[in-house]
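One chain, subunit A, appears in both complexes that follow, with subunit B as partner in the first and subunit C in the second.
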Partner chain A sequence: MVSKTAAFSEPPRRNFIGRWLAADTLSGIKRQRAILGYLFLLPTIIGLVVFIVGPMIGSLALSFYKWNVFRAPEFIGFDNFERLFSDARILVGYRNTAILVVMTVTLLEVLAFTLAMLVNRIANRFLSTFFRTAYFLPVLLSGAATAVTLGYLFHYDFGVINYYLGFLGIEKIKWLTSSDVVLIAISLTTVWRNLGFTFIIYLGGIANLPTEVLEAAEVDGASGLRRIVRIVLPLLSPTILFATVTDIIKMLQFFDEPFIMTRGGPGDASRTVVMMMYESGFGNLEFGYASAIALSLFIVILGVTGVQFYLSKKWVFYR
Partner chain B sequence: MADKISRRDLLKMIGISAAAAGVAAAPLVKVFARPAGQDAVTLRFQENADDYAAVVAAFNELYPNVTIEFVNVTGVDHAEIASKILAQLAAGTPVNIGYAATEATQLYAGEGLAMPLTERALADADEMAEYFADVSPTLVEGMMYEGDLYQLPRDFNAAHIYFNKSLLEEAGFEVPGEEWTKDDFLAIAQATTGIGPDSDSFGFGWTNRLWGSWTPWFFVNDTNLLTEERAPGGEAIWSTFYADQPLAEGRGGGWRWPAPQANNPAMVEALEFVVGLTNDGLTPQVEIGGGDRLQGFFTSNKLAMTIAGGFWAGSLNNAGMEPGSFDVQYWPLWKSQRHQFGTGGAWILNGGGGEDQAWEFVKFNSRTEVMLMIPWMANASTTPVRRSMNTAEYWGQTGMENWHVFYDALDQRPDTAPIPAPVFSIEMTNIYTRFTSLATSGEMTPQAALDGMQAELEALYARNA
Partner chain C sequence: MASTNVISAPSQRMSSRRGFSYYQKQFGRIASMGFLIFMALLTLMPFLWVVSTSLRTPAQSFNLPPQWIPVDMDFTNYQRVFEEIPFWQQMANSFFITLSVVAGQLVTASLAGYAFGRLKFPGRNILFWVVLATMMIPGQATIIPVFIVISRVLHLNDQLGALIYPGIATAFGTFLLRQYFMGIPDDFEEAALVEGANQWQIFTKIYFPLASPGMAILAVLTFNAKWNDYFTPLIFMSTKERFPITLGIVDLQGYMATGSISVVLAGIVLSTIPVIIIYILGQRYLVEGLMMGGVKG
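Let's look at the complex of A and B:
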């Protein structure tokens, strides 16, 4: 009797790479999973390389060159960095940026936390939604539009703010033309536009606090302020860390508001590091020097964020 | 043998690849010269599609093989627009045909971005003669650099004083005559301050920038921020197109500004004068930037006088001012009545390909009927460079009686000159506005501010020597 057993076709011959990829071994399966994972990541990785890592490294390389767009770049070693460390105006830019960051982030965190606590207590669903929407709406506006509009409001002679201050018997303030107060005007403008984002972060954090702990504190007779200081703030510390880290990184890159409202004036009183970077590159056509400034700012942001994370070990509590 | 790619290895590979790409690309970035165009040519044109759609459609009837792509570039002033053009150049996507005002003319020409047009203009002399005969040589000289013509002027604006007639009448004044003086100006400014519907008007307003600003005041005080001289050359243009014109006599190959003189006594005197206007409450706080805010104050009867060129007339109508409710006059006489202007026109990218077609397009744009296809040119929102377009009919829509001073600033005031704008004008303007703001805000005396300005300008000149 002739065997009718079906003849199995031989597996196709593969080259080395094919065999390596399709190996039916434990390590082969692990490898396939790893490759699949990286394939899923690939679009994001390509985006990161093309739009972030590549330009960053390009900018790093450019900081060793003298380049004005029109002529071929000329390698000048560390000249741009030597100039950076002896440029008194850059120090002014960093000082202005630091003042703006401290003022703006402090205001943002305090206001956003306070508003989030208040809105969280609103039981009426309609009112709660209304306030959430109202506080978040400015985030959707462009920085340029906000700066132009608030520039009108802060105008010394015709601005609404000085008009109403007049009713209170307060003398007109040179919001945009005095070195003493220009950073306050810019900070207030930025706070108004960005408050909604930080507010939503805090609101989410507060909504997720364990109610049993808060109720236990209330039963134990802890006052409202004590509950906030001893319970809410420690429990909210990871949210506070996230909000302050993201806000500080964002504010270290101050540009829209001072550029549109004052162009850095009067003098350099409201000129930030990023404005100086922009002006060096696209105004003075010193793209190498602008890249050196960008690199210095990158290091500062990295340092500040690193310090924040290091210090967070002492005050952030993860449940 | 490693069976899997570790995360660390992957990051290493990404880092190395990006570093290699970055380092390799940085020294190679340049304006790429493309081969000469064949039949079909695409040109990137720095203009707004809405404004230029009719022009391009008409051009395409003559040249169907040329595709014009619009690249809209906006900015609060011409320096900012130039910055954005350079950003596109840095990104490797420059425009083939750009529009530059005086602020950027020498920058583009001096750095080799713009192509010299002298030879092409002379080669097409028969065709171009009508255009040049209609355009003041003052404007043509303003578009020259070191002996060559780089742009065909399209529009210009000399700085004049605009009057809000409602406030003027309330103060018992009429629009002054052509020979009015700085003292007349001061008298009107004082009388028109604190009146109006809310008794909060100001006599005069200006913003801190290069054109306009307090620049006209030092022009009429017979000085300039930088010393002036004429570059040699340009004879072919003058002898071919302006042979019999007295206004063309003594012209050269464009302006040079060899050295700064920010703190000379006449400059200090001019700045003290404008700072005094603020201190005396005749001028609102001076801010940096464009004229939008001034326009709002002027149209709402908060300003009696301000600085502007022809571009303001149509804008004021558009903003709701009735024709005839405002007028214009020359800048007042101080030590002289020398006016400043800025002009602008199309330039062609050097080595970008399609230069022949680009030149045809630029020439096409210099025709009167083509200029009038641009909506804002047609509604008197700038001063056309063609003398024949500056007519009672053209300016009549604004209701101004003294519209003739726009072109007469060139024809009747032969010493009128462009704003100082050397190759490094953007950086110069930053220094100028920065120290001006310190003086107008009262944080420095005019003398100290101009001393600081002079020091930084000297350093700028040294860097660019």
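Let's look at the complex of A and C:
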């Protein structure tokens, strides 16, 4: 690094550092690499501390304060959390989120697994590429574009979905304006956009299974189904666990689709936890309370991750 | 075939039932193909509907049954998009934000990934676990303090930087590239040392290029996630001229609610083109990356 001629003209202290860092000894190389290691980490560490670790601590601290930006923060102890636990609307938000998670994730896992099993045994390369592309395409769209598009398709009067359901003798459904079905409409929208993602994960998992296992499951009818349950599913359990947990965590943070399609309505029928956090923070400027809501969601997500960790040790079959 | 039949029907009547099981199997094949086609129709029809409806005159856009195949194409909706919202400005914003974040992540993650994967220093493992742990923190849990940092400390409210700086450091990307750097044999480094290369040259000339498949995965995933982000711009942006296109489209839908949906759909078509291009170019990397763990957002 430091050339030998420079060492003569520089003051002795510099000379010492130069020698300390000299690349011509083994320990010099080691020291160089250690210093380089810290330097290389610096941008990432700074970024993560400023925008993730720091804010996480800030969020924790803020949840003990009452603050609306304009006045100085006021320490109120556990008041935000007491309010959180007695707030009936937050309960509704968690209920809606839970319904969405259960409905969406169940549909996603069952459909993605079925499609992946069926696509995997297609021998024709053109056909299998076609199906894979078809199922994957919606993943490219933004939640915003999906919400706008499917919002039109689900429209009561001029929506294409009600029009075609009419052919099946089904009466028009108030997909987005009735509190009984609005969560179903939003869940179907999300399934439409995320199916390709879950499908690709299952396809990868199935491709890694030994071929004899899949051949055994080829037999149609009851015996084939039993073999799928007894042999394929256990072998696939790492994939199933990964896909399910990823999907659950994604759905717990649900925002774009309900926010754009219904604004949480009718009433609070489709309001999710993240929407409530957004509204109390950026709508009502109750930053302390919003932080408490965010923190509660974080704890739920942490719990899901913990369950994943526990299950992966106990239940998942690793080959 | 024979062996599977033995498992499923080990009775004496096996041969006489073979005819039945043959038809049963054919039926299964047809039914499963039918299901695959049905699902493909469900995923593709909205795309077809968006494109065909965006090409219909505004007055016709509500007509039912929908006209799936655009016959007489009308491009006025596309012109209307440019009149209603600052479309090109918003596309440029999206490009600027997305490409800056992609470039920033490639730099920071390749440096940090190299440090964790190939350099030895005290505290390396602890630091690595700390970085990994940040992946568990959802974006929404930190958004309020991030908003305060951006608006009150950095004074970046309504600036494109507000959407760029928080996205540059990436725990996921660091982890991904670390795996790539670890997979490259040490021989390259030893050979380079013999040739007289210094540590910086070993990184830039040898390992950085060799990790390019990992970088491609990170770039494609980040492009997709950042281009489609709606939540963060919703919080930071308030002027139409600074919106990325995701906000622009929802804004367009806002005015057009009572007007014509075909204009909104034309906007959606235009705003999706870049992601489709990235998919065509980097399909392999996108799929591989999603299978490795996916990114948030």
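We take it that the second predicted complex is superposed on the first by the 252 of 319 C-alpha atoms of A that agree within 3 Å, B and C clash if a C-alpha of one lies under 4 Å from a C-alpha of the other, contacts with A are read in each partner's own complex, and residues count from 1 in each chain.
To be clear about the criterion, a residue touches a chain if its C-beta (ideal position, glycine included) is under 8 Å from a C-beta of that chain, and two chains touch if they have at least 3 such contacts.
What you see is a predicted model; the values in this text were computed from it and never measured.
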First, second, both or neither for A:Val307, with subunit B first and subunit C second: neither
Contacts of A:Leu91 with subunit B and subunit C, given as first, second, both or neither: neither
Contacts of A:Glu215 with subunit B and subunit C, given as first, second, both or neither: second
Which superposed partner A:Ser179 touches (first subunit B, second subunit C, both, neither): first
First, second, both or neither for A:Tyr38, with subunit B first and subunit C second: both
Partner chain(s) touched by A:Phe158 [first = subunit B, second = subunit C, both, neither]: both
Partner contacting more residues of subunit A (subunit B vs subunit C): C
Contacts of A:Gly54 with subunit B and subunit C, given as first, second, both or neither: both
Contacts of A:Phe287 with subunit B and subunit C, given as first, second, both or neither: both
Which of subunit B and subunit C A:Val110 touches, first, second, both or neither: neither
Shared contact residues on subunit A - subunit B and subunit C: 30, 34-35, 38, 45, 48, 53-56, 58-59, 62, 152, 158, 282, 287
Contact set on subunit B toward subunit A in their complex: 3-5, 10, 14-15, 17-19, 21-23, 25-27, 29-31, 79, 83-84, 86-87, 89-90, 111-113, 200, 202, 208, 284-289, 293, 296-297, 302, 424, 426-427, 430, 433-435, 437-438, 440-441, 443-444
Interface residues, subunit C side, partner subunit A - complex: 4, 7-8, 24-25, 27-28, 32, 35-36, 39-40, 42-44, 46-47, 49-50, 62, 64-66, 107-109, 111-112, 114-116, 119-122, 124, 127, 130-131, 134, 136-149, 165-166, 168-171, 174, 193, 198-200, 203, 224, 227-231, 235, 246-247, 249-250, 253, 261, 264-265, 268, 271-272, 275-276, 279, 287, 290-291, 293-294
Subunit A - residues contacting subunit B, complex: 27-28, 30-31, 34-35, 38, 45, 48-49, 53-62, 65, 67-73, 75, 151-152, 155-158, 174, 176-179, 262-268, 279, 282-285, 287
In the complex, subunit A residues that touch subunit C: 1, 23, 29-30, 32-38, 40-41, 43-48, 50-56, 58-59, 62, 111, 114-115, 118-119, 122, 130-131, 134-145, 147-150, 152-153, 158, 160, 163, 192, 195-197, 200-201, 204, 215-216, 218-221, 223-224, 246, 249, 252-253, 255-256, 260, 274, 277-278, 281-282, 287, 290-291, 294-295, 297-298, 301-302, 305
